[in-house]
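Sharing a structure here in structure tokens format.
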């Protein structure tokens, strides 16, 4: 298969909602990265988290087998440290092989849920 | 007309909401692919579904006549098999002619509806 | 100013919500095209509407002065004909000069509002 | 690090919701620009606001240090003038170095919140 995707992606609008209503896990608020590795080889993925007022934190390392998708709640990242809730952050995702990266937020802080989704920015290194 | 679109698209963030509230079909939860074939010739479209923990399933085959759009609820795909609800998946859409692919989710699991929409990732095969 | 944008855009996921709740115009359901003409010259814009089961309709013609944005509710298009509510459609936007096109939906059919937004697909004619 | 992003971005669909419900600042309605400067050098960013019926206003100038994100509520811009609420506008973001720009809206005008998010249009100046 011709490689599908890019090796570097960025999402500037991270902010894990600080509160939730309703039963877990269906109605837990989250920010989520969805990473598709449509190729045959394993992807070594490094996530770096950028903040407004301190140095970036990372890499958060994950592996995704070939022909698999991973939908990763950013709330669940703990090594090297958890992302604080209700705090502005951005993600940069770098992969050893081409992948496709989407972002989804579910915010249940007010009893009814709101959601947003967007494709990441697929950087091609041309500036 | 100059061909409009691309032949390969990807959406990593699929997850059909497992529950709905309100009268069908207006308030049924869904994940939807919207495929525009603006050219004059028929498009033969093959959809492949990727999962987190098993091999991809497909192709799901559809045809779209020239100068037509198709808005296809992923809930309705049954051949070769239905996509389980509440399960992480990704879609890759491959077409015999250029098309444009968008994704829409409606989630009515909590009495009021949430929605998200995003353009697919239009891959150009340059990795 | 270096021209900003593209001359052709597509949005496959149109569907004007068929019902609304709450006072107009704040809470009227809508599908909206947002077109930015950042250049100095007027843009002649032609919108074509594609359907699932009949030939495309258009052009719907609008003009946008230089250095202006236009946010156009698709509900308001009437010439050559209104777009039926609750019906799948796609838009192709063609402009005489480069523009940037975004889509927004507000759905108030269930007392609380849902919204989605996405950038159009900026076609470059390379297929 | 290879520069990540582009120097010019556009978002045509601005419209700060005119009303809010619930405690500030968690539930204040907003339009927000999220700007990631992943490089090492400071970014000098100029925002221009386009309207439907008058000349553009700007530049609104902000600086973002290297390796930082800034999530800026457009409601908070006051120099040279505030953006009126409930009014159609577009943003063009120009930066001295490559950045990545996303847009988020939170609308709490109806007690439950709606949200939308999209990546900006990353212009490459090829028209």
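Should a chain be cited, it is by its letter among A, B, C and D, assigned in written order, with residues numbered from 1 in that chain.
Keep this in mind: a contact is a pair of C-beta atoms (placed from the backbone, for glycine too) under 8 Å apart; a residue touches a chain by one contact, two chains touch by 3 or more.
All figures in this text were calculated on a predicted structure; none of them were measured in a lab.
Among the remaining chains, the Cα-based centre furthest from that of chain B is the centre of D. When chain A is fitted to chain D on its Cα atoms, the angle of the rotation, on a 0 to 180 scale and to the nearest 5, is 90 degrees. Rounded to a whole number, the gap between the C-alpha centres of chain C and chain D is 21 angstrom.
In this assembly, the C-alpha centroid of chain B lies 30 Å from the C-alpha centroid of chain D. Looking at chain B, one finds that residues 103, 111-112, 114-119 touch two or more other chains.
Interface of chain C with chain D (complex): residues 2-7, 22, 26-27, 32, 34-36, 38, 67-71, 98, 100-104, 106, 108, 111-119, 122, 124.
Taken in their complex, chain A has these residues touching chain D: 8, 10-13, 15, 18-19, 50-53, 55-56, 86, 88-90, 92, 103, 105, 107, 109-112, 114-121, 123, 125-127.
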